[in-house]
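Shown below is the structure under consideration.
Letters A, B and C mark the chains in the order given here, with residues in each chain numbered from 1 onward.
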Amino acid sequence: MKFAFYPGCVSRGACPELFDSTIAVCEKLGIELDYKSMESASCTGSGILQEKNLKLGDTLNARNFALAEKSGLPLLTICSTCQGVMSQANARLLADKEYLDEINQELKAEGLEYKGTVDPKHLLWVLVEDIGIDKLKSLIVKKLEGLKLAPFYGCYIVRPSSALKFQENPKRSNSLEEIIEAVGATVVDFPGKTQCCGFPILMINQKNAVNMVANHTSTAKNEGADAMVTPCPLCHLNLDAYQPEASKTKNEPINLPIIHLPQLLGLAMGIEPEKMKLNKHIISTKAMLSEIGVSP
Amino acid sequence: MYEHDILIIGAGLAGLRASVEGVKNGLDIAVVSKVHPIRSHSSAAQGGINAPLTDRGDDWEAHAYDTIKGSDFLADQDAVEIMSREAGEAVIELERMGVIFTRGEDGKLGTRAFGGQKIARTFFVGAITGSALLHVLFEQSLKLGLNVYEEWFVTKLIIENNVCRGVVAYDIKNGELHTIKAKAIIMASGGNGRVFEPSTQSLICTGDGLSLAYKAGAPLMDMEMVQYHPTTLARTGILLSEAARGEGAYLLNSNGERFMEKYAPDYMELASRDVVSRSEQTEIDEGRGIDGNVLLDLRHLGRDYIEKRLGYLQEVSLEFLGVDMAKEAVPVRPGMHYLMGGIKTDLNGLTEIPGLYAAGECANVSVHGANRLGANSLLDTVVFGRRSAEHAIEYIKSIGQNSKSENDLKLERKRLQSILDRPKGENIAKVREDMAVNMTKGIGVWRDQKSIENALENLKNIKNRLPNVSVEHKGKFFNTNLIFALELEFMVDNAEAIIHGAITRKESRGAHFRTDMPDRDDENWLKHTLVYHDVNHENNVRIETAPVTITKWEPEKRVY
Amino acid sequence: MGARKESILMNVNLKVKRFDPGDSEGKTWWQKYKIDIHEGSTVLDALIHVREYEDTSLALRCACRASICGSCGMKVNGNAKLVCKTRIVEVSPNGEQIIVEPMANHGVVKDLVVSLDTFFNQIKRVEPYIQADHVPEKGEYIATNESMENLLTAMNCIMCGCCVSDCTVLEVDDNFIGPAALTKAWRFVNDPRDSKRTDRLKDLNDEDGGIWDCTRCMQCVEVCPKGVAPMDRIMELRESTLTNGLTNAFGAKHANSVNKSIKHSGRIDEFRLPIESKGYFNIKGIFSLLIPGLRMLIKKQSPSPIHHKNPNQSKVKNIFKNFEENK
């Protein structure tokens, strides 16, 4: 399988561990990543640019889609937020031909045109839909038995369900749980798994953002989770980097390590933790690693 | 004990319009409502509000005539004249309050066609006109700081020296009973759809105010005039607005024919509602229906148009029956929808009980007579809601202080406790269902002496069962079990008045169609039926009649 | 209702959260009900059946049964819904137990009945009535259909409270005005007849718990039973405040910083973004970033203060310029 790879801003910035683990895991999965086709692709706008100008945001995404179309390859994302913003933009572009034509006018100067054929997919969905759980299981070399994991999806990959095509692809709604089980670990269910991590308001209302982190991580911990896994690096940033602040609100350390989806797969596929930068998290992953008998 | 200048019972359109008038005039106004104002049944009205806008070449007399013809000449023409004359101002006033009416090309308020009228003079907000109007009036009530006794249930009217001076009300949230006194009361409690099954009306439409006024001695007028709306959704009975037909929808039988051609060749699907309902029922009864329904076909209007002008209808059809109106015709059938009858009032909303006014669906001025035109109900609520408030404001100037007596409260406390104390007996829902299903059978689109007598017999049976109806839940907090028992009693009173009205009127007129007396008899029956609760009479019912006021329009043959 | 005449029945398992303020302990408990009901029934049909025939003590609000009065909002299997239009087969395709609870973020009065005070206090905060300085001498205001039709989206709101129930911000901060009130505010900001547009935008911008506190989680969009999409309305309000030159709020600075960054390099500059969101001269704000920021730099060696441009960035910059010019 070959994909036009869209790493997003954060995996090349504040979460390099996501980028590294993705590369390592895709190699094992037999996924070929084409970097060139998307190298001049811009940020999706992250929902923030869309606040200032929705049409501008749609134009940037249409440009990204046009670049993918040019490569002839399906488009792969590794961030819930990238996925969600792209899906929403795509839904708007495909719903109104006039709107798409207007936007294509903006892309003309660069010789680009979005023809409406792109269907961006997150690695999470590719695993469940294109590779399949059975194939995935066959690639597992180390079952992570005994590891209790709380799934945290990230708003943008679960809502709105219509733009994310949940009805046509019902597996998407519990894809993360399926992956956790496929690698031999136990799913820890908790009410916050599809709630908000607070990242979008981190710079605006830190108190609320930190309280969200505190609620979700401590609840998961109380339900017995050893760690939390998320397909979104923005969620990871908040849940990991701001967990010390969240612990302060609870008056006791929460100490719940947060890992990226590819890191989880990598551990099950025998990739060294250091290669996936598991030692670069704010909340230490040491205890979790020793739980599964992996030296950090 | 609570005291106010004017107390309004019911926070739907009529109630809120009356309250707004009162507060604007600087009075101490309060509203008591058994639900939050925004949950009132006014929210369910869909199609629009009629008004002849004279600056567009329309004529109030044309609207008055359409209304009177629609009423099968039973409406009091002086009342209709008032409503038609004041309609234009009422609609503009609503627009000024902030209603987001749909606009025409010229930026002015847009109109759509509606039943029984040749000119399109129905102003509307998509297919959610009632909700839009109610929300705006609610906003105005917030702006004016209106005092609302929210989720308080009126159990009795307080009559002192033959004058209405207040209510006893039960706070649903905590089970406390209170006295609220006022110098004037405006009853705006809505209709009684739950007396029938099925009905388009909310579960809260149990005819409370009609019963309260009836028991206090006010006559209920023309109660046999119960409107069956032609287009209620199959199986669920949810209303599909006349607006669909106003926008051009067809009614088809199982042969795919637009059958209204046979019954109303001129107005077709936009004939008066009683005519359309009877036509549909005839088609169904004669074997040209589909599972007891006919079809409402909007396909030719196109998806875009449907979604813009009739969005809520499409939502209802899809969500409740899984039918996409742009692709398929929707099965519909006649369903009980509205009460033209009600508490008799004069032109100012005053009932026969001094101090007690009534406005909206629970009142009968009479502007709707034997059949109401679509989009006249919303008009009725705002025009007479305002008028009754205006008159009450003047009336209370000569009214003295409230008495301190709380005797009614003591009596009600005992009565409610005795209901709670009943041993386990009959189930409220079962008794209601038995009554309501039989009311629909007896007082349906068609009725005759036998069906009405059966209904009366059944009602007697129901009345015998009433004292055995028990309230299992004895709690104080949000005890809807007790509320339902009280509502059942109200509904039985309503059923009684409806049946007696139907037995009394020995002709067919408008919605009251007797297969054993199919002709209209102006010579003997151009009059209103009045039903009084009177313990000195057989069955505690006394019947009288009242003349119909004719001003300009002599009754003629009613053809659509 | 429709549940009576039809003959095909199905078995329904309900688990309902109960609470009685009269109970001295004040605890909630779960109660299970098992009933047979017509297969086309809604969750409301089932609850009414329980209330009428199984357990008359069960308290719930409902009226129209036609998704227009807004009474019957409650949580079904964890998400707020209008139960009168939630078909049982939708939430329980294979006879699974249906969990029904009162809406969250409102106070519970009894069982499934919640207090509406929270909701309407939020609504009142946005001055939800038209304020027009100019009234036409006679007749109606003249306004185009396009300008009014747009507002119908907000008018579809039936004040059911589902969005408020599932709002993730209200879960941690009851000072947030909330999605329903902000949608109401949007309706007045965009009503051509209202004269207070600028004041309204300013209040929504400045107020604690105003438009910038929404975390863009889309719960309200997902749960709204009437397609109002409150979050989209909030985003439009943000766009309106920015267009009106109100740039002092952290959220505005944040949006402008992202805009600037993508225009310049094609990506978000994670080093500068937090600083610009607080404001370069906001010493206290920047100080609050110090500890988490240093922690990240030390542990992760990122984000880097050095921020490279994407290849072909000039093309992206041109798109930005076109949009700026066309405003």
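Note that in this section contacts are C-beta pairs under 8 Å (C-beta built on N, C-alpha and C of every residue); 3 or more make two chains touch, one makes a residue touch a chain.
What you see is a predicted model, and the numbers here were worked out from it, not measured in a lab.
J.: So that we know how the chains sit together, what is the shape of their touch graph: line, ring, star, complete or other?
T.: line
J.: What chain lies closest to the overall centre, CA atoms only?
T.: When every chain is reduced to its C-alpha mean, the one closest to the whole-protein mean is C.
J.: Quick one: chain A and chain B, Cα centre-to-centre, how many Å?
T.: Those two chain centres are 55 Å apart.
J.: Per the centroid of Cα atoms for each chain, what is the distance between chain B and chain C, given in Å?
T.: So the centre of chain B lies 35 Å away from the centre of chain C.
J.: Quick check: how many Å separate the C-alpha centres of chain A and chain C?
T.: A distance of 23 Å separates the two centres.
J.: Could you say which residues in chain B touch two or more other chains, in rising order?
T.: Residues of chain B touching two or more partner chains: there are none.
J.: Two or more other chains touching the same residue: where does that happen in chain C?
T.: Not one residue of chain C touches more than one other chain, so the list is empty.
J.: Quick check on the complex: what are the chain C residues that touch chain A?
T.: 78, 168-169, 171-173, 212-219, 221-222, 235, 238-239, 242, 249-251, 254-256, 258-259, 261-262, 266-268, 270, 273-274, 277-278, 288, 292, 295-296, 299-304, 310-313, 315-316, 318-320, 322-323
J.: Report the residues of chain C in contact with chain B in the complex, numbered from low to high.
T.: Against chain B, the touching part of chain C is residues 1-2, 4, 6, 20-22, 40, 51-53, 56-57, 59, 61-71, 85, 109-111, 113, 116, 123-124, 128-130, 132, 135, 138-145, 148-149, 151-152, 155-156, 158-159, 191, 193, 226.
J.: Spell out the part of chain A that touches chain C in their complex, as residue ranges.
T.: Counting only chain A, the residues touching chain C are 9-10, 12-17, 39-43, 45-56, 59-60, 63, 106-107, 109-110, 155-156, 159-161, 191, 195-196, 198, 200-201, 203-209, 211-212, 215, 241-242, 244-245, 280-282.
J.: Hey, which residues of chain B end up touching chain C in the complex?
T.: 35-36, 38-41, 43-44, 55, 92, 95-98, 100-110, 125-126, 128, 131-132, 135-136, 139-140, 142-143, 150, 173, 197-198, 202-204, 235-239, 308, 311-312, 315-316, 319-320, 427-429, 433, 471-473, 475-481
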